[in-house]
Structures are given as C-alpha cells and as structure tokens.
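Before any comments, here is the structure.
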Amino acid sequence: MYAISLGEDGAELRPLEPWLAEEFLTHIDRGREFIGQHIALPDRVTDLESSRALLQSYAEKAVAETGRIYGIWADGKLVGGVLFRTMDIEHGNAEAGCWLEPSAAGKGLVTKAARVIIDWAIEERGLHRVEWQVSAANEPSIAVARRLGMTKEGVLRQSYLYRGKRHDIEVWSVLAPEWRAAKQAS
Amino acid sequence: MYAISLGEDGAELRPLEPWLAEEFLTHIDRGREFIGQHIALPDRVTDLESSRALLQSYAEKAVAETGRIYGIWADGKLVGGVLFRTMDIEHGNAEAGCWLEPSAAGKGLVTKAARVIIDWAIEERGLHRVEWQVSAANEPSIAVARRLGMTKEGVLRQSYLYRGKRHDIEVWSVLAPEWRAAKQAS
Amino acid sequence: MYAISLGEDGAELRPLEPWLAEEFLTHIDRGREFIGQHIALPDRVTDLESSRALLQSYAEKAVAETGRIYGIWADGKLVGGVLFRTMDIEHGNAEAGCWLEPSAAGKGLVTKAARVIIDWAIEERGLHRVEWQVSAANEPSIAVARRLGMTKEGVLRQSYLYRGKRHDIEVWSVLAPEWRAAKQAS
Amino acid sequence: MYAISLGEDGAELRPLEPWLAEEFLTHIDRGREFIGQHIALPDRVTDLESSRALLQSYAEKAVAETGRIYGIWADGKLVGGVLFRTMDIEHGNAEAGCWLEPSAAGKGLVTKAARVIIDWAIEERGLHRVEWQVSAANEPSIAVARRLGMTKEGVLRQSYLYRGKRHDIEVWSVLAPEWRAAKQAS
Amino acid sequence: MYAISLGEDGAELRPLEPWLAEEFLTHIDRGREFIGQHIALPDRVTDLESSRALLQSYAEKAVAETGRIYGIWADGKLVGGVLFRTMDIEHGNAEAGCWLEPSAAGKGLVTKAARVIIDWAIEERGLHRVEWQVSAANEPSIAVARRLGMTKEGVLRQSYLYRGKRHDIEVWSVLAPEWRAAKQAS
Amino acid sequence: MYAISLGEDGAELRPLEPWLAEEFLTHIDRGREFIGQHIALPDRVTDLESSRALLQSYAEKAVAETGRIYGIWADGKLVGGVLFRTMDIEHGNAEAGCWLEPSAAGKGLVTKAARVIIDWAIEERGLHRVEWQVSAANEPSIAVARRLGMTKEGVLRQSYLYRGKRHDIEVWSVLAPEWRAAKQAS
C-alpha cells in the first residue's frame, strides 16, 4: 500500500512485513550466494518459517522502536532492502545496513534507499548518529557508506564470526550535523 | 516517511505509530467532544500514556495481523484516521472503522481513506468481507458505509454500552465481489 | 463433583475441565460427523492433545471471565454441552452456543442447559445481552434460539468460512428484560 | 450455579471464583480475628484487590491442576471454605486445608466439606495421599483431621513463621486405602 | 573460577552452572544406577538437553532466591553435589539435599559440602530452619543428616512416588540455634 | 561464600548477587560522584529498588549467558567491581568493564579483577575477543585497558549520550592469542 519512489525506473521502497515472507524467501533464494558472501541474512532465511520469523522479529523491533526493515522493489519484484539493525531513540543512535540480489546491483538503489531511511531517522526521529558496520572485505557496502558521506572510525579486529572464520569489521558513521551539511551542499 | 495522497488538497494517509503518541493526543484533544459523541476512542486516549498505549496495541495487532491503524493528515496536521479494529486473514474477515476531528469533516477524507485500506485488504491481503459496525445514531459514519457501497445486514440491539447507556449497533458490510464490481462500474 | 440436574431422566450439567480431555475426545469422536455439519468444534478436537488444548483454553477463559464451557452428561456419558464463546462482563454481553452428539438429540437437553447458563449469566453475573450466532443452515440450533425466546437481528453474509465454503451467519439475541419477562410469563 | 448440599440446614459447597471477591472480602472481614489466630489467609485478604488476587491465584491453580478452592455458604452467606493448597496429580499427593468464620463453627460444616473434596480427589482424580498441615496450636483444625480419619505423622519444628513468631506444624494424612476402608466401615 | 576447598585431597565445591551441562551429564551417566536408587535426579538428566534444562532451572531458582545447586569436584572431576531444592528467604526455611557418584563415596565430601552451604544459609542469609527430606531406605543420606546434627521429625507415609512405587519420606531438620550451638561445641 | 583473593591485602572478588542490593547501594552512594564522572552506573542505582533491579538484571544475564557481574571487596567492604556488560558465547565475543569507589583506587584492584574474569572467559568459556569500551575522557579506565595488554581499535564519535552531552567512545580489545602470548611472556 505504502510506497516511496526510488527514482525514474519505478523502483520503490516499501514496508517489508511478515505477510511477505514467501516473496522475501524467493528473493533471498535468488540472491543467496551473492548476498551470503559477507552477511548472514541468507543463513537466517532458509525456508518459509525462518523467513517469516526474521520479518516477525523486525515487526516486533518496529513496535519497540529498536529496529526497522524496508524492502526495495524493482519491476514489481523484491530485490533487496535496507534496515536499522538496531535503533536507540533515547540515546540517538542507530546502526543501518543493506542487502541486494545481484540482478539489482549497480543502479544505486541501496544508496538511494539508505538516504531515505537515514534522513527520516535524523530529521523525523531525531537520531544523532547512524552507524554502518561492515565486513572489511565487503567492498560494495563500504562504497555505499562512502557515498552516504560517512566517516571510517575504526576496525573491530576479528569480531565477526561468519561461516567458521573471523572477520574484521569496519565501523563507519555519519552524525546529524554532517548529514545536514551534506544535504545543503548538494 | 510513507504517505499516500488522499486528493488534490494535500491530505495524506500515513502510518500512525506509537512515536506519534503526542501528536495523536493533541488531535484527540481537539476532537474530543465531537468524536466522543458515538465512539469510545477519546475515552481511551486521555493522556500521553494512554495515547501511546492505544497506538502500541495497534502496533502489536499489526505484527500479529489482527488489526491496523492509519492516520489522516491535512495541512500537515493529524485530523483523523481509519482502522481495522479486527482482521482475520485466515478466515478473510475484517471490521473497519473511522474517526475525524470536526475541522476536517465534510471533505470526504474518511471515505477516501477507507477506500484505500479496504482495497488493500481485499486485493493485497485477500479478505472476502469487510464489516462496518456503527452506532445507529452515528449518521456520518453510516453515510460513509453507504458511500463505500456497503449493505446493511442487521441491528445488534442494545449491544453497545457507552457512557452508561446501551446503544443499537448497525452492521454493514461489503464482500470482495461487490467491491470489485463497484470499482469496474465506476 | 458439581452437577446440576437437567430433568427427570438423570441428565446433568457439569464443569467440563481439562482433566476430562479423554472423555471429551471420545464424545466428539462419536458425534464428529453430526456435530461437524455446521460447527468447527470437531475440527479443533482431533486427538488427546487438541482436546486438552481446547478445554485448557476455556479454563483460561473462565479465569479471565471471557468464556465458559459446560458439559451435558446423560446416562453417565458426556453427550454435548453449552458454552459462552465470549463473555464481556464489563459491557454486559456474551455469546452462547451449543453442541450435541446425535444419540442425545431430540430430548431438549441443550435448551434446558442453555437456560441454566443464560439465567446464571443474567441473574448472577448481570449480563444484559446474550447473543446466539448460528449458521443459517443449522436448523436445530436456530430452533434452540427460538425456544429460548431470542429475536433474530440480522444475517452476516458469507462471514463464516467453514470447510472451504462461506456461510451466512444469523444473529439472534435475548436481552435481560426480555428474559425476565419470559420467566414470569411461564 | 453449581452447588453441593452439606446437610439438612441448607449449607452448600460452591465454586469460589474471582468474581466473588467482594463477598469473600466481607466474609473474611467478619472472621478476620478468629481465622487469623492460626492461618495467614486474613493477612493476604485485606482489600478488594488482594481478595480478587487470592481467588485469581486459585483459579489459575485450578487450570494448572495444582490447587482448588471451595466456598461454604450457610443461610445464603459465605462463611468459610476448604481448599487444596497444593495438588500433584502426577504423583498422587495433595495438601488440604480449611477456614471458617466463628458464626458457622460447631456445625461440622468443614468436616463435611472436606469429606466431599477429599472423596472427589481420591475417587475421581486418583490421588493416593491427602495431607493436612496444621499449626500445633490450632485445635479445631486438628480435630477436623482426626474426624477425617487422618494419622499424625510428625511435627515440623518452628517451620511456620507467622506474625513474627515461629510455630510448630503438625503433619496429618490419610491414604487412599485408609479412606476407602473408613467409608466401608461407616 | 570460584571454588571452595573441601579438605586436603583437593576436592572443591563450585558453582554448577548451565554451561557445565555436558560435564554434568557425563557425571550422572557414571553414577546413574547408584544415584538413582533413591532419588529421581538421574531420571531427569538423561541427555544434554535435559541436563541443561535442570541446571537452567536451578540458575533461575538462584535468581529468584528459591533454590541453589553446587557441584563437588574431586581430582578435577565433577562427582556429586549439594543443593537447596527450595529456599524461602522471607520465612527462613530451606530444604537441602545431596547426590554423589559411587567412586566419591565414603570420603565425607557430601557432609563437608552440606556444612558449607548450610552455614552460609544460616549465617549469611539468615535462614532459621534447614530441612532434609530423605527416602526412609536411603541410609547414606540419613547418615549425612545425622552427622549434620539434624533431628528426625517424622515420616511422611507413602508420599514419594518413585519408579512406580510409593516410599516413606523421613523429615530431618536443624534449627539455627542448634547449628550455632553445635559449631561452638566442636 | 565463594571468594577469589586479589592479592596480599585481603581484597577479594565475589559474586555480586541481588540479595546484596543494600550493600551495593551503600557502596555506590559512597562512590556516586567519582564513579559517575564517566559511567552511568550511579544514575541507574539510586535507591534499594533500582539497586536490586540492576543486580537482578545481571543475575538474569548470567542465566542466559549474556553477561556477568562481580564485586570487589577490600577490608570486608564492597568497593567496586568488574563485569561483562555483554557476552556472546556462540560468537566468542564479550565486552568487559569496571567501576571503583575512590577509596580503593590506585591499588591495581580493577586490573587484577579484570585479569581473573578475562582469563576465565578466554580459557574456560572459549571467548576469542574481549572488548573494552570506554569514554575517551576516562583516563583511569583507559589505563586499565593498556595494562591488560589491549589494543585501541578506533573511536566511535559522539556515540555516548551521557548526562546531556555526547562523548566519544574508544574501543579497545584483546584477542585470545594475544592474551595467551602475554601470559607466557610474563
């Protein structure tokens, strides 16, 4: 029902709710290998039940205001999304993230979608700091952080145990004044 | 963030979420007497805590898919809303309703908003029957039911205890085939 | 332990509690086809676990004062029952219902049992309105509503999805003053 | 609604449910000093809220089959009761108890009531052992244990902290074979 | 991490926490037949899941201050333990118990361990009465009660249903003044 | 009962459990101003109820294996502590921290205590990475991180909203191989 245009080609940002579990699973199945290179989302969404459970957990986070998930549709197909893995309204912090199936890569959809939700978080909900945690090997996601005007703050060494190996995690962030300055400059 | 236009004059349908509790309370305060003539909503929303509690309960209903609430904004101000007081996806039934502060009455906002959510419920979520329960004395709401193409099915005698008196409740409804036929005809 | 006589032939109304799950299942098994013509009870009671779950849910409703279930015993055998599917003490409303296995039909047991619980609900618990919702095709149950002195208030079109088909539901009710007048008249 | 006669003078045993909280409180108020000599019930039932909470806790115990409470009415007035403070259906054990306001003492009501519930527990629910724990100073309750044919098994020294003092607790019990033998002998 | 020496031979009393479920299961497996002669612990700990569940339940009891469990290690191996099956800080009562695999029997480990925890319960937590309930046939455990200076208070006839048979339970206890007097005398 | 010596002067590390809420509050009261310079602990422990709530929350974290809290006693007085604010056994990560009242500062107690719990976490519980998050202005705590052989990984800019101001947070950590190498070297 609700939808926000992500540009001229008809791509849209929409609520990604539990009743879309089947569509979500199909999408993850298409992008399983690609998305799973750096993030655990595909490992958590392996069948209809787990797909619904993940969306359910984000629906509950939304109620408690501790997280949010958003889907990106292109050509009427769910192809990826952005999310606030955590949100702390009281302290003004959130951690954002993204995923995308390969067919939709290279069009800037994630950057556009992330801009929408970060702007909402800062301007509507009063967040001061939006963090972007990303595996040091995940170059596309790091590129998004850079395009969003974020600053690299450090590297959490071997903090991410993923598929049996430990990976470094880069921490990027943008602060509310930086976000507003960048909007005015553009 | 999400918003659906309700016509040329800038009115919009948007998610009505717990973090909007303060704005919701202010709106109810403005419409308290008018809205409270026939429905108990103002009696349930009397301060910030109860305002948040009501929106919280609908956020939880949305997660469980047993209800939904939507706000109507006109001139940037929350002026009313529509809701599914109950939803039963499995059996294909829902009960819809509405409220409005007096300043926004007479513009057809509720009818337009109800059309959006009923259409979504029938076309996207597969509901078969949308019910409209209304106090027999609430003429504006009965007028909405009529404009939505609903049929009056009966009167539940003295079933609604409100402010110490028992009121008759009219039951109206529209079925999915009727809804679709009416859309094609228009 | 507790028991209320339903007439000269030794039939009794008794608490139908979770520890009777086995007896309840056996009874439903005997009446599965007959009872299942119009109501979903047999579909919800298919083995010992689901039998206990249903009785458990009513035990919890009784604690919360949102429902009650009662068994009818004839010749020492559980043969049916009556229930309040919903109760709303605060607003004075309840919805009553019944079921019976075929061997016990035609003796007026359900009418007698319903009279006991409706009288208790109105006289002891102060309910104002007792509703009887029944599939339009369920003639025996409609006959009970009529014998209880209820009034038909309307038909909820296609509101009851049962075994893949949509059925009309008739709504009957009796109000406290009507109940008392009928008692005095008899 | 349900009621079991306790003899010729019209006294009855009935369910003691949460909605009777007000009547229960009034009764406890009348017997507060007398009942409170040996048991803590009056200290737990001091206003409408605590009265309801106690009955609510027993309603929940009944659902879980871990306890039961029953009221004794004489001349239409709640005057006392019997209870299973604990029940363990799986292991066949229960602990029974009683209380009475002074106006109803001396008529054997508690003994009759306890007989009804112990017989039900042993014959209907299959319990093997019913215990009676009583303060060593509570002579009327010890007399009931004796009249019920129970055997004194020991004294739990200073195990009961009540109103700032430690009291010895006598443990009495009757076993299912003893119960049945006594019934046959009488 | 934490450990209390139980004597010269290196035996220690340590927290027995859920993460030790595997070690606990291995220990119970070694002593299954011996321990299971009189107490049900081995029947409740039959695989990793039930082992963890039992330790988890005691971890939750510790949080709620309603019980505690402690392991005895000898030669770096978990060989038994002591516990408070119940604790009631408010009323000053607790019930203690013990278990041991056969290889560690005859060294007084349980008596030493029980002394540590009873002394803590009385001196640090202010308990007045520590009870020891034991099957009348469990001579080693009765010997511990005697060595701890406890008094036999009675026999709960056939109160313990274990592996299909009913057993008498002896109740022993020690009161705080007795405990302190015995410490001074030694 | 349990205690671990922290050196020659009798200081000890002990479980810091809910029943110590009163002693914990008294200690926080003594150190309120000093401890509150950089961390929010004193703001969360302001009366007996909040003191108990904080210890209760850590008791529950311990059960769930998501955190731990330990007290430091010197001269029989609770003077500070160390904790795992978070623990993730599955992924091998934890975040440690500390606090101290001023009278106990300068003796190396926190460093010794942190060594005990980090060593336990790495050697007993298999953690791979222990993090130390500290306000950039909290020099004593940064000194502890340095003495523990940790590495500074970055600065989370303005991420910590404390008493109305935003503070930078330094992230330090030690990895299991580093920890073991340092132990061997010493």
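For reference, chains read A, B, C, D, E and F in written order, and residue numbers begin at 1 within each chain.
Definition applied: a contact is a pair of C-beta atoms (placed from the backbone, for glycine too) under 8 Å apart; a residue touches a chain by one contact, two chains touch by 3 or more.
Predicted model only: the values in this text are computed from it and were never measured.
Q: Which chains are shared contacts of chain D and chain E?
A: The common neighbours do not exist; no chain touches both.
Q: Looking at where chain E touches chain F, is over half of the residue numbers used by both copies, so same, or under half, so different?
A: Since more than half of the residue numbers are used by both chains, the interface counts as same.
Q: Considering B-C alongside A-B, which chain pair is linked by more C-beta pairs in contact?
A: B-C
Q: What's the distance between the Cα centroids of chain A and chain F, rounded to whole Å?
A: Centres of chain A and chain F (C-alpha means) sit 33 Å apart.
Q: How many angstrom lie between the CA centroids of chain B and chain D, rounded to a whole number?
A: Spacing between the chain centres: roughly 52 Å.
Q: Report the residues of chain A in contact with chain B in the complex, numbered from low to high.
A: 1-4, 15, 17-19, 56, 59-60, 62-63, 65, 89, 116-117, 120, 124-125
Q: Touching chain D in the complex: which residues of chain E?
A: Answer in residue numbers: 91-93, 128-129, 131, 151, 153-161, 166, 171, 173, 175.
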